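Sharing a structure here in structure tokens format.
Just so it is clear, A, B, C and D label the chains in written order, and each chain counts residues from 1 on its own.
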């Protein structure tokens, strides 16, 4: 049979996000008509044993414990980085230097300045990049964005966006790299998703006032002692959008009971939207154009009218899952590699979100508003 | 038949809130075993015609167009003020001077300084006062407060409280007294409810950072022209509670589609609560003490276990209405007048909430944090 | 002041429903502009002591332990019966014989034949009657009924109606009059509400197939022994409406966890409605006329557009309570007494619902369909 | 690298369900540690052109327009049938005769007698079979089943199960094979899912009373005329389970507005469960063991505690999608092929559900109860 050109993937890391990327690579070609045949080429991990086990489990041809060899391998087209955050920059710069396209989990690096350096390098080298902001790949978010852009809600006035989970709510859970002063904290870890969604829907944020709070002041260090925590458990911000709307953002990883509260409400002069990631196949829409007495938030269920839902299922209401969002993310990137559209979320955008996070953190420290 | 001492009410004003007070006076004695027989004595309104019509409709014995006569009438025990806000102070001070107990709708006066003067006068005169913060009378809020106080949620860490409606979302709706620079705006009008609920549950707020935004910059003046709007359509605040918790507040009267979004979430180390006034007979409770795999927010429906619900209905789930909250408010006040407990929400507390509103407004103007 | 003619009420019984009626009598005149002044005249209960205590608590002028005296008292216009079901018939017939209007809690009598006798007597005597089907007084149900009648949903095809609670789910709760073979069981007690709502919305039921099931076969008799239970804990029915639609009904008093699941869904060719009494101020409406991609159930919150909500509150979303429905019920009846419209739900209708219940029970026993 | 034995798949059909199967084959090996390497060997469709296009899109090695050749190909281990229902039997029997394992979409055949013949043949030949009842693969359903089996809900008393969609609600949508008197109708098409879920949770149904209703009596025949419809648009049943519980079932494909209302409630003596496929990552649980005043339905979100959710995602609340259920279905079958456990849902079970459907239909026609 005739076949498409190959797109050979080299994956670094095989944890939670590594696995999610592999799910995306596996299902994207079945769901979408991609311009390339994706080949899972080589998987790199910290030991040969771990790499081999993961390569077998995930269906890669070969394994390595030397990520530099993987990066330099001329048979590989795309370097996919899901290693710990602290290593992202070194790996990505090496891959860019080797002329590879780079797909990297968020955050690109602990500091925004590093992320900017990465974006600069990629642009200079002319390679295409992608950061894993998967929530943005939800068909209902794309639909919400179009509704806002088309004026369906009228003039946008107010916004509330949050991303709250409880994975750090237990004060006896130990210190991890997510608590590192450089790049750590709830705002950076998940508040960044709330910021990305806000800008995805309403456009650029122009000014912020931050309120980053540490609630749990020390955690076990894993060696029998404790370690002081300096990063925020709750990161809040007032925001002003360039379009004139005002809003608020909250990232919170000690929100007891909340598992996936990535929610927003947008209020316009002619309508409103409400969304919760807890039921991410649903978008609630209120229109002032509805007849008097019959107005109310409509519970719109995702279906083939909401691209690209129909690729996954011809019937509405069946629901996409978290990993399906990853497939959409992969498909967008692979298409961009073939020149079909922009990357869904490239290093420049990733660096921008990290800059926003740092601006909010600085605003919080200085207790004053800051321009972005 | 033997009978209780009478409590004779003089009501000033017969609009929305006047009617709600009358509902409360009518049903409270049937629901509760009050220490007094409530007598609807005299109703004052701006013309004799309006006063007479309302007195007939509401069941008052007599009517007057002279509120001063009503205040001075020795046959009246309680002066209930539901006249326009700008008149509250003059009326309340006159009533206090006449030795009457005073029940007054919120806000007590346009400015907090006036409200403090009113509270001072009442305390000096030894009369008992009440401000109409009816949301606080909800049995589920009392229950939430007890849960928090008893430690059921552990250490309280985070709070999110909002009161959003859309009654000012239409930019063509005209300028009203609610838009007056003195005492007007969404934060004062409904954000004050969010603040009252927050302090009711978690105790005093110690510090605030405000963000008060005007979205609709002019409105019809009702005379064919337009009038500039200076008050906030959305009033936000970061808050610090004295107990160490941090949180956020939003009052918003241009929240298209929202009719009664007086909602909160409280996150503690051992549990969480979530509440929406849209279904105010329900409280959602998450406990980390529940078994693994079986944890989740519980939808607790109001019932006889939640005092004083059982006074209204012996069966759970039947639901109280808005006017029932007013009956609870009235019952609390009438009991306090007989020396049974404190007033549910007296002038001192009302003045305090107005002070909080002004502190947030000032913080917003200065763009800096403020101690309360 | 000028005053309306008096409507003097004599109440028999002072339990849960007696209290609810008094709430209705107290608030209806404040909420509505009734044609009469309601006077709570005399309250009858089984002992003078109980009657006097209740009369004082509820605000009746006098008390009696002789209901026959109350029925014969020429000063009384309406006899309101909230005594145990088994006594309804005797009391109502006596009141009718005395030329009184009669307001009676449901069920009118244990057997439909008795209820028909009561309806016949009332019609013959020309007195006006009312049965307390308060759920039907919900503004959102009136609104739903109008929508259906106006063709907003197109041709009606399918219906699902339930009334499930859990007050009999505990097998150790003792035998009560509700378990009496004559007139007892879940279908009669609460399934009757589901039937009344179904016919209120869609019109007469023409044919039924019943399935009445006893799940708890014996209960404590309150004397240390047990007593066999013969009535249904769950009563189901398939139904055919005269308009051609088909549907199902369930009454269930052992529905663990459910407090007020009086719910329905109506499916038409052009739209659908979904409702739950758990949030009875909300009606969900789906319209196939909405734009493609934007279709979904709308959550319509009760407001002034939904008569008579505006009588209680000028702002939408504030919510009526269970006792407010009783006020609407009272207002409808009092208006009917003055010749303004029909009684909301008279003895004839009450007898009809009891007939439906018995037809379903008979169908279940015979295991075959039955015409109504 | 070492590798697992291959499992070579031959797929017949490439429509909605064919694609869903391919999604399952693609992701199952990434998510689970399967005993085989799955190889997408050959795809058969009605023309060589269609087969080739689908084979390319889905990643099969080869294509054919001759399903018999595919069935007889000794290189193929499993025949996966997603062709039109009317062809299932012939294809499956041929595959079984060729000694192949057979995976077949539901329904196995238009008539239960055919399905039984297929199950008999498979058992006689010793091949392993699977029918695609994917809703049963939901981790929350497995969890619900365990809760019921472990006695967490006490004695099970009542059940309500429905599967309602609206894909046939438009009377102008044309006649299709789903309207064929043999095997057609809403009860067979989707009510069968409600029946499968009911038995999955509570065990065998012993007796039924059916109510199958045709609401739309004719549809366009696609040739400019109309065709009479004889199958049910709504199929209801009362059911008795062998465990003594009673319940009801509804399958409805004209339920305007409903896209995926595969819902159930189970009521036991000690607790209850409520579930909606509209949010299939959530299970609601009520326990009478919760403290007084704190009882309520808990909203349990799917997470790693609910096997095999953790295979897809290490964090709770992220949500599986419809196609993930297919991956679980595939994994169960592939494991069974290696002797690890039973098939999730084999031909015998599939034939049993079809028998239930036919019993209900017969009961409806005869208007009388029927033993299963």
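Note that in this section contacts are C-beta pairs under 8 Å (C-beta built on N, C-alpha and C of every residue); 3 or more make two chains touch, one makes a residue touch a chain.
None of these values were measured; they are calculated from a predicted model.
Hopping across touching chains, the smallest step count from chain A to chain D is 1. In terms of the distance between Cα centroids, chain C is separated most widely from A.
A separation of 34 Å divides the Cα centre of chain B from that of chain C. For the pair chain A and chain B, the distance between mean C-alpha positions equals 42 Å.
Centroids of chain B and chain D (each the mean of its C-alpha atoms) stand 54 Å apart. For chain A, the set of residues that touch two or more other chains comprises 258, 295-297, 301, 303. In the complex of the two chains, the chain B residues touching chain A come out as 153, 157-158, 160, 162, 166, 169-171, 209, 211, 213, 215, 233-234, 236, 238, 246, 248, 250, 252, 254-258, 265, 267-272, 274, 286, 288, 295-297, 367-369.
Of all the residues in chain D, the ones that touch chain A in their complex are 1-3, 16, 19-20, 22-23, 26-27, 29-31, 33, 52, 55-59, 61-63, 165, 167, 258-260, 278-280, 301, 303, 312-324.
Considering their complex, residues 143, 284-285, 290, 292-301, 303, 305-306 of chain A touch chain C.
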